[in-house]
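Okay, so chain A shows up in both of these, paired with chain B first and chain C after.
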Partner chain A sequence: MSSSVVERSAGQRRTLPGGPPPRRRRRPSLPYLLLIPALVLELGVHIVPMLVGIWMSLLELTQFHIRDWSTAPFVGWENYRVTLDVDSAAGKELLHSFWVTIVYTVISVALSWVIGVTAAVFTQRPFRGRAFLRALFLTPYALPAFAAVIIWTFMFQRDNGLINHVLVEQLHLVDEPPFWLIGPNSIVAVIVVTVWKLWPFAFLCLMAGLQNVPTELYEAAAIDGAGFWRRLRSVTLPMLRPVNRVVLLVLFLWTFNDFTTPYVLFGGSAPREADLVSVHIYKSSFVTWNFGTGSAMSVALLAFLLVVTAVYLLITNRRRFDA
Partner chain B sequence: MSKRHLAMAVAAVLAAASLTACGDGADSGSDGKTLTYWASNQGPSLEADKTILQPELDKFKQQTGIEVKVEVVPWSDLLNRLLAAATSGKGPDVVNIGNTWSASLQATGAFLQFDDATLGQVGGKDRFVPAALAAAGAEGKPPTAVPIYSLSYALYYNKKMFAEAGIASPPTTWAELAEAGKKLTKPNQWGLAVEGSNPSENAHHAFTFSQQYGGAWFDKSGKATFDTPQNVAAVKRYVNFMAGDKIVNPGNAEYAQNQAVSDFANGKAAMLLWQAAGSSLKAQNMPADAYGVAPVPFLENAPAGGKKVNSMVAGINMAVFNFTKNKDGALKFVKFMTSDEEQVQLNKTYGSLPSVKPAAADPAFAAPEQKVLAEVLNTSAAPLPQVAQESQFETLVGGIIKELFADAASGKPITDEAIKTKLSNAQQQVK
Partner chain C sequence: MRESAGERWARRVVLTVLALFVLVPLYAMVSSAAKPLQDVQGVFTWIPTHPTAQAFVDMWSTVPLGRYLVNSLLVSSVAAVISVAIAILAAFAVSRYRFRGRQLFSVTVLSTQMFPGILFLLPLFLLFVNLDNTLGTSLYASRTGLIITYLTFSLPFSIWMLVGYFDSIPRELDEAAAVDGAGPMRTLFRVILPTAVPGIVAVTVYAFMTAWGEVLFASVMTDENSRTIAVGLKGYSTQSQVYWNQVMAASLVVSVPVVAGFLALQRYFVAGLTAGAVK
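And then the complex of A and B:
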C-alpha cells in the first residue's frame, strides 16, 4: 500500500511546473525501511527465541550451566533420544502427556466449533435481544483468562464447589460428590473450562463469516423447498468453509499450546489424567531445572505442530482447488 | 529533516529500542548508595510485607546512607525470577531464597559464596543457628546464603476437641496419632487435615517419614534413591492416614491453597501438621488458647537406622548475586538483616524463629508455639537433602503422593508395589 502512495507522489512531482527534472524511476526504499522495525521485532520476539530453543535442546543445560551457556556440554541428540525414547520413563511420560493433549485438543476444538456455529446460525436472523445475546456470548472471551480460570477452580472444588452443589444437592444426579481437580474427572474439568473460554472466538469468526453469505442464496434454496437442515448443509456450511479453515487451525494451535488453563486449574503439578503437554514441558524444564530436555520436548512439539499445520493447509488448499 | 530521513530515524529508533533489554549487571547504582532487594512473601500479603520491611530499610539508610529498593516477589514467581536473573546476569543485589533451593542455586554459581572471610563480614559463622546454616548449601562447600527466618514443623491440635474425645495429651507416636484421630473423626469433623495436592508439603512429610524409617532420598554421592523399601514405607505411612486409618477427609486430596489450615481453624479437623501456623490461625480468628502445639510424632518402633527426626529445617535464606556492583553495601545489608535487633523484630512479626543464636534467646520467642518450634529446630530437625536435584525430588515425589491421595480418596487400595513402581519411574527421571 505504501509503495503505491510513494509512486503516485513521485508521479505527481513529475508534472509539477518548475519542479526538478524527472528523476529516473528507482526502487523506493521507504517501504523497506518502514518494514525494518517490524522485521527486527519479529526476529527478536519470534525467530531468535526459536533458534535459541533449538540450540538449547542440543545442550545439557541444567542449573550448573545456565549462568554461562558456553560451559554447558554439547550433547547433540541425547536430549531427543531421552525424551522421545518411549521405553525410558521420561519418554513414556511425554508420550502419555502427548496423547492426553491430543484427546483434549480434539474434543475441545470440536465442542467449541459446534457450539460456536450453532450460536452463530441462531443469531444470524435479527430478533429482539439479539445484540444483547451476542454480547453476552462474548463475555468469556473478554474476561482475563487467569481470573476466570481461578473462579473455575473454586467452582470445581469437591466439598465447597458450586458444581458439586448443583449436581448433588440441587439436581440429585449423583449421590457422592465427585472430584474434578484430581483423578479421572480432571480431563473433563479442563475441557469444560477450555471450551467455555474458546467457543466465543469460534462464534465471533463464524458470525462474521455468516455476514458474507448472500441472502439470495437462502431465498433461492427456500424456493427450491430446502428445509433448515438442507440449507445449513448446502448453503451455510459450504459458504463458511474459508472461515472454518482458519478458525479450526487457530483453535487447534491455541488449544494444543494452552498453558494458562491447565496451569491455573491444577497448579504446577497436573493430575496424570490431565497432564497436558504445555505444563508437562514447564515441569520438565523450569521445575526440575532441566532446560535442555525441556527445549528438546518443545522443539519436538514445534515440529509436530508444523507438520500438522502443513498437512492441514495442503489438504484444505487442494480441496479448495478441486471445488 | 526530510520525510525520508524522519522515517529512517524512526525505524532506527524502533530497532534500537528492541535491543536495549540486553544490558548487564545489577540494578544498583554504581555510586554504592543504592541496593535492590527481592524479598520473599512472609506476611499476609505483598503489601503487608512492604509495610513491615520499609521502616527497617529506612533504619538501614540512616545507619549507612545506603538506600534499599525492595520488591516483594510472590512465591509462585520467585524461583523463575531468580533463574532469569542468574541467566541474564541482570537483577537485584540481594535476594531471599527458599532454603530448600540453596544447593540448586549454589550450583548455578550466580551467588556470592559465604566463605569464612565473607561470613566474618556479616558477624561470623558462630552467630548462626547450626541447623539453619546447614540448610544454606551443599555439605563441604561454603554456604551460598545465610539464614534469616527459620521454621520447623509442629503438630497443632484443637484442645476442645481433644477434651471432648477424652484424650489427655497430644500423641507422641504415629500409632497414637492414628488412634486419637479415629476418636476425633465423626460427622463433619476429621482427625487430621492434610494438604494433599501440594507437592512441596507432601515432599516435606515424605522426607521426615523417610528419616524416621531410616531411609534417604539421595545417597552420599547425590544419586537419587527413591524406591528403597524405607521410602515406600514412609510414603505409605503418610497416605495411610487417609487410605487406611480414614482419619483424613478424602476431600483433602485436592487441597493446595492452605485449605488444611482453614479446616483446622474452622473446627473441621482436630489436628494439623504445619510450619509455624500460629499467625495464619490468628488471621482466621482462631485464638491462641484454642489450640495446643506439640512436636511432630515419631514412629512407635523405630526400625534399624531410623533417625530421631521430626521436621525438616524450614526457612528462608538471604543471598547476594555475584554480579552486584555494590558488594560491600550488599554484605552490610545482610549483616543488618541478621543483626540481633532486626532478627527479633522481623521474626516476631512473621511468627518465625531467629536464625542467629543471641536473638533466639529473646523473650519474644518464649510463647508456647515458638518454644516447641525452637526445640524441634535445635534438637530434631534435619535439612532437606542439600543436593542440586532437590527441587526434582519435591516435584516428582510430592506429585506421586498427590496421585496416591487422589487414589485413596476414590477408594482405590494403596499397595507397596504401586508406590514402588511410581517411585522407580520418578527416580529414572532425576538427572
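And then the complex of A and C:
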C-alpha cells in the first residue's frame, strides 16, 4: 500500500475564470468525517458490547436480573472461578468442549487448506471446462451456510440418509447403519460439513494468490529440470506464503468461532463428542439464563484467540524476515 | 512448459473426485426436493421414483416461508446497501488520505472479525432488551435491530476489499479531476465510484450473503414476526416428523438467487482478493 496524500494543490493551478475561489486550506478533518459512520457502528455493535460483555462477566447476571440488569450484584472473579475451575463440573465440561473445538478446528482447517491448494494448483493451467469447474467449486461457499448444513443433516440421517445408503447398501462396508449425528461419529460429521463449506474459500484465495506468481518462475524451474513436486515445493508454495499467512489465520478464526454448522447440524443439542465451544456457551447462556458465566466463558475464549493470533503473527512475521 | 502425462492424469482424477464431493450434496438437495414425503422418509434412492413438484407447493403452507423470505430480503438488502455506502466512504478515506490513526482504524475494524459472535450476542441482547424497557423503542426482535447488527458484520471485509479496489485506481484520475476543479467528494462520486462499479457490486453481494445466511443472532434476536429464513427452516421439523422434501425444496429456493449472484460476480471477488490479500 503506497498511496500518497491527495494534495489539494489543484486549486492553485486552476486558471478557469468564474469558478468558486480556490480553496488553499487543506482539510485534515475530511478523512475523519468519512470514517464517522463506520466508526459509530463498529463502536455501537462491536466495541461497546464487548466492553459491556467484560463488565457482565463480573456480575451475577441470572434470569432475575436480565430485564433490569442494573440490579445484578457484582461478584468480581466469581464467574471465572466457577467456569474455569477444571475441578468443578462446569469447568470440566468447558475444558472438554475447548479440546473438542481445538481438534475440530485444526483438522478442518488443515483439510480445507490442502484441498484448496490442490484444486488451485490443478486449475492453474487453462483446460477445457476450467471456468465451469471453478464455478462449481465455489458453489458450497456461495450457498447460504444454513442451507449447506441442512443438506448434510439430511444426508447423515441414519435410516433415510445418503451416506448410510452408500456405506451399507451400495458398498457393504458396514452391516449396521451407524449413527452420525449422535455419539462418537458426530465429530467426523461436523468436520466433513465444515470442510465442504470452507475449502472453496481457501481455493478462492489461493487461486487469487497464484495469479500473482510470474510464469517465468515456472519456465525457469522447468528448464532446470524441476518436476511437479519440485516446482510445487520450490516455486508455488513459497510464492503463496503471504496469502497463506492470512488465509490460515482467517480459516482458523472462522472455524473456531463457527456457530451455524454445529447448531444447525445437531439441532441445538450437540452431542458431547462434538460439543463445540460456541454452542456450549450459547446453551449454557440461553438454557440456564446465566449471562454472567456465559460472558466469562466468552471473554476467556477471546483472550485465548488474541494470544493465539498474536503468537501466530509474531512467528510468521519473523519467518518472513528470515526468508 | 508442457504438462507430463502423469500430471494430466493426476489432475483429472483429483478434479473429478473434488467435483463429485461438491456435486453429491447439491444433487441430494435437488433430487430430494422432487420426491414425495414417503420417499424421503424411506431408504435413500438416487433417482426419484415418483418425481413431483408437490414439495415446492406445500412448503409455503407448512411454515410461513413467504413471511420469512420477505423478512430476509428486507433485512439483507437494507443492511447490504447501508453497509456498502458506509464502507465506500471509509475506504475512500483509507485509500486516498494519510491521517493519524489510519493504521489503528484498519487494524481495529479487521480485528472485530476475529471476535467470537457469542461475545457480542449476550451484551447486545441485554442492551436491546434494556433499551426497549427504558426508551420504549423496540430494537429487540425487530427487523431494525437485525439490520443494524448485520450491517456491521460485512463492514470490515467490505472496507478492506474496497480499499484494495480504490488503491488499484490510478491516482492520476483523481489529479485530473482536481485540475478540473472537483472537490474530494465530487472526485469520489464522479471518478472513483464509476470506475469501481464491479468491486462495489461484488461487495454488495457479499454483504447481502452475510446477512442472508446469519443464524446465531437471528436465532435470538427475532420472534415469529421478524424471523428470517436462516432460522425459519427449522419449522419443517416438527415433533412427529421432518418434511425433508420441503426442507430441501425451500433450501433450494433460498439458495439459488445467492449462488447465482455470487457465481456471476466471482471474478470480481478474485480481483478484489488479489488486490487486498496479496499485499
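What we mean here is this: the second predicted complex is superposed on the first by the 298 of 323 C-alpha atoms of A that agree within 3 Å, B and C clash if a C-alpha of one lies under 4 Å from a C-alpha of the other, contacts with A are read in each partner's own complex, and residues count from 1 in each chain.
One rule holds in what follows: contacts are C-beta pairs under 8 Å (C-beta built on N, C-alpha and C of every residue); 3 or more make two chains touch, one makes a residue touch a chain.
Keep in mind that this is a model prediction, so the values were computed, not measured.
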Combined model on chain A: chain C and chain B, fit or clash: clash
Which superposed partner A:96 touches (first chain B, second chain C, both, neither): neither
Partner chain(s) touched by A:88 [first = chain B, second = chain C, both, neither]: first
Chain B versus chain C as contact partner of A:179, first or second or both or neither: first
Partner chain(s) touched by A:37 [first = chain B, second = chain C, both, neither]: both
Dominant toucher of chain A (residue count), chain B or chain C: C
Touching partner for A:155 - first (chain B), second (chain C), both, neither: second
First (chain B), second (chain C), both or neither touched by A:286: both
First (chain B), second (chain C), both or neither touched by A:66: both
Which of chain B and chain C A:242 touches, first, second, both or neither: second
Common interface positions of chain A, toward chain B and toward chain C: 30, 34, 37, 41, 44, 66-68, 157, 159, 267, 286
Chain A partner contacts - residues on chain B that touch it in the complex: 4, 7-8, 10-11, 14-15, 18-19, 79-80, 83, 86-87, 89, 104-105, 107-110, 197-199, 249, 251, 253-254, 256, 388-389, 391-392, 395-396, 398-399, 402-403, 405-407, 409-410, 425-426, 428-431
Touching residues (chain side chain A, partner chain C) in the complex: 1, 3-6, 8, 10-11, 13-14, 16, 19-20, 23, 27-28, 30-32, 34-35, 37-39, 41-42, 44-47, 49-50, 52-53, 56, 61, 66-69, 115, 118-119, 122-123, 125, 127, 133-148, 150-152, 154-155, 157, 159-162, 164-165, 169, 196, 204-205, 207-209, 211-212, 215, 218-219, 222, 227-228, 242-243, 246-247, 250, 253, 256-257, 259-260, 263-264, 267, 278, 281-282, 285-286, 291, 294-295, 298-299, 301-302, 305, 309
Complex interface listing, chain A residues touching chain B: 29-30, 33-34, 36-37, 40-41, 44, 62-64, 66-68, 88-90, 92-93, 157-159, 179, 181-183, 267-269, 271-272, 283, 286-290, 293
Contact footprint of chain A on chain C as seen in their complex: 1, 3-4, 6-7, 10-11, 14-15, 18-19, 21-26, 28-29, 32, 40-45, 86-87, 89-90, 92-99, 102, 105, 108-109, 112-124, 126-127, 129-130, 133, 148-149, 151-152, 155-156, 159, 163, 167, 171, 174-175, 178-179, 181, 183-184, 187, 209, 212-216, 219-220, 230-231, 233-234, 237, 244, 247-248, 251, 254-255, 258-259, 262-263, 266, 269-271, 273-274, 277-279
